[in-house]
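Dropping the structures in below, format is structure tokens.
Shared between the two complexes below is subunit A, which pairs with subunit B and subunit C, respectively.
== the complex of A and B ==
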């Protein structure tokens, strides 16, 4: 019996790259949400939370349009690089980043909010610049938020199905991720392969979450 | 001596701060006033945590804020230390690392205070390896003070640093703050709504009310002004005098204190000869006699005095405050009846009988 492990590897890559992108984009957004007094804050919060409630096919449909050669993102990309975004790995990363955005931003937002302004003011008074204070005070204090963000973002991207199907199609080695591979196996009644891949995904997610909860408990952060 | 200039005008619907101050920074400058009078906001504006539009903040010639010139130096670039109401220690760092946090960020050439000196001064030796959450509130606040001092600031701002502590912890920290001032000679601006703390610590007193400065001057002058009653609770009103221990009388168990060439006899004090001792003479403990005390009296302390002022007389109030000069200002509260009987008037030579002297360690906290 042959099990194609390609989709598993691709899924891992996709989840990994997506988490990195989301940390770079989501951290400033979460920071802004935690500390701004701007009136558009609630609107931004709602936009960030949209992917949680939106059916993946709806999100996927809009992303398909946007990433296409005539779409806002895809058109820009085509002008920049000359190649299309639809049905590519890069396109998948962009789509997954939208899809998993709330799972990274929300834990960080909560963590930054609970750190609050007080330790930051203390750091500034000790000659730390704003960025220095973010790196050396806010980030270590929000370490559990970062951990949750990384894990939830990663795990949520692992399980992505609808959006990938809409945006990425099903190209082996390029956009064929684990969840789609499982779906394919079931379609053609290859239950053994479907079982194996499903079990791998299940165990993987369970293991990640167990490790996270264990580490989270032992992290040396104490707030008096 | 440095001078801090602050011209601030902040207006919110429920709150305003309007000050135009030149504060001589010598010793501890205490800012006193009820909650909501703007004293914390004043401190935050001086530090740069808050920015009053069109404000001016200057330390001598160094401009920290002048919006007409478009200058605003952020807190991280002002040479101030800030001790907050809460310790605000960094929970992920040990006490040692908390102490080093600010020091590491100051160029070595500007270091004037060593970690060892601070550890010694604030009694932190056995705490260094601990995490902040393992410390008591008083210990945490001591670390916070040390952390701020290790940036070798030109000015230390303290915002009610004792208010979150219980009486025991306050007693523990007050001596440390006194030592800061005498041993490190860093000027301190100390915000508090506790008159007791201020009487123990202040050199200069600023009294604030509803966002405005009502009084600014040396503590001994401000608290012996005839209208002091409006700003201080009456029971605590009186002169504060910095004396020096002159001699101990072991036979009778008395100590002689000297100030401005005068002497006070008080029950035995622990301080050795030559040491300073701040005492308070409450206005209600001072009575006035017009003839020399040639009769026998059980009151030991009778000082020659000149009447310098007579307080406002209220028809519905039986008492009146009298300001006296005994080399330093003194305040006496007597009855209106006595005022008439003695026919007191400014410039008159009288004698002040002092029935009790309070010491700082006895101040109620």
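== the complex of A and C ==
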């Protein structure tokens, strides 16, 4: 039985890169959401949560327009690099980052909120810089939040389908991710391959979630 | 509330039975969708029946019918799947006929891009992506792949190919200029919305196997008078003229056997 494992590897890469991007972008956003008193806070919260409720087609449609050579993101990228974003791995990373944003920001937001400002203020009073206090005090305390963010962001990107179907172009090794490969196999009635790939994805997601729940239970809340 | 509901149903019932309108559930290959809408409009006007249209790649629609999708008629982009349906007793025997012969065209939304024959344009490579329909599920995808192979440019362009899930999505990739050009159905370019805009090179028919598009009456629809009437309507001159206007060839004899 010929099973092409390329899409599995590609999907893992996509999920990995997306999580890294989202940690870099999402951590400051979550921090801001947890502690700001700004009036636009609720609006930003709502925007971050949008991908949970919007159908992937809405996101996919906007991304298709935005990533295209005349779109806001794609046009800028083309000026910058000379190549377009649509149907590229980078394009998919951008798409996935929007798609999985709430799954990273929300756990972090919750964690930062529950840690609260008190330990930080204590650190500041001991003359730790703000950034230093964040790294050495808040982050270790919010470690469960980070773990959930990483795992949920990763797993949610593994499960991405609709957006990739709309903006990916089904290119082997570039944009043909696991969910698309499974869809293709089902379409041409190659049920054996579809079964194998589906089972792999199912077990992978189950294993990831089991690990995170186990670790979460055992991790101490306070890290010295 | 209840009264108005009953009243509504009553009115609806009376209206429906007065016109003896029936619904035809049609599964239509994406390339034929724009043409189908046009035919559906005049059929609905002429007969009072109503069409419920689902479209997708022929491969997907075929798989859906196999798994019990409740369609009455199937308009495929090929003759292979309607024939398989006959063999698998999913279609009514003898109902299969060729409703159109598809034309493939290399199209760009940019009026200046395709300025010569396809071979030159493709081998010059002034594009990042060329879109084709997925050759595994869409007959227009197979034809596009054959054309690229026959033109001898497959090795050069293979890495630039992006695949649409069906010819509808393929067209949309090119229309949105995410792909600079692509192999689409001529009918899509000639549809009222596009009206031949952009630039194109119509693929000579000898470069790929003919895109003989056949339709069948599905077992589901064999008792549906409207479905039977619709298939006859498609074979008649009025509909055939529309089909030709959209850039398809039509067959002389109604029953093609191959």
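Heads up, the rule we're going with is that the second predicted complex is superposed on the first by the 221 of 224 C-alpha atoms of A that agree within 3 Å, B and C clash if a C-alpha of one lies under 4 Å from a C-alpha of the other, contacts with A are read in each partner's own complex, and residues count from 1 in each chain.
Heads up, the rule we're going with is that a residue touches a chain if its C-beta (ideal position, glycine included) is under 8 Å from a C-beta of that chain, and two chains touch if they have at least 3 such contacts.
Here the structure is a predicted model, which is why all the values come from computation and not from measurement.
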item	value
Clash or fit (per the criteria above) of subunit B with subunit C on subunit A	fit
First, second, both or neither for A:69, with subunit B first and subunit C second	second
Partner chain in contact with A:84 - subunit B first, subunit C second, else both or neither	second
First, second, both or neither for A:118, with subunit B first and subunit C second	first
Partner chain(s) touched by A:184 [first = subunit B, second = subunit C, both, neither]	second
First, second, both or neither for A:165, with subunit B first and subunit C second	second
First (subunit B), second (subunit C), both or neither touched by A:127	first
Subunit B versus subunit C as contact partner of A:214, first or second or both or neither	neither
Contacts of A:42 with subunit B and subunit C, given as first, second, both or neither	neither
Closest approach of subunit C to subunit B (Cα atoms, Å)	51
Subunit A positions touched by subunit B in one structure and by subunit C in the second	none
Subunit B partner contacts - residues on subunit A that touch it in the complex	118-119, 121-130, 132, 136-137, 140-141, 143, 220-224
Subunit B to subunit A touching residues, read off their complex	47, 49, 74-77, 80-82, 84, 86, 88-92, 101-102, 105-106, 131-133, 140, 144, 147-148, 151
Residue numbers on subunit A that touch subunit C, as the complex places them	64-65, 67-70, 83-84, 86-87, 165, 167, 169-171, 184, 186-189
In the complex, subunit C residues that touch subunit A	57, 59-60, 63, 66, 128-129, 131, 134, 136-137, 161-165, 173, 176-179
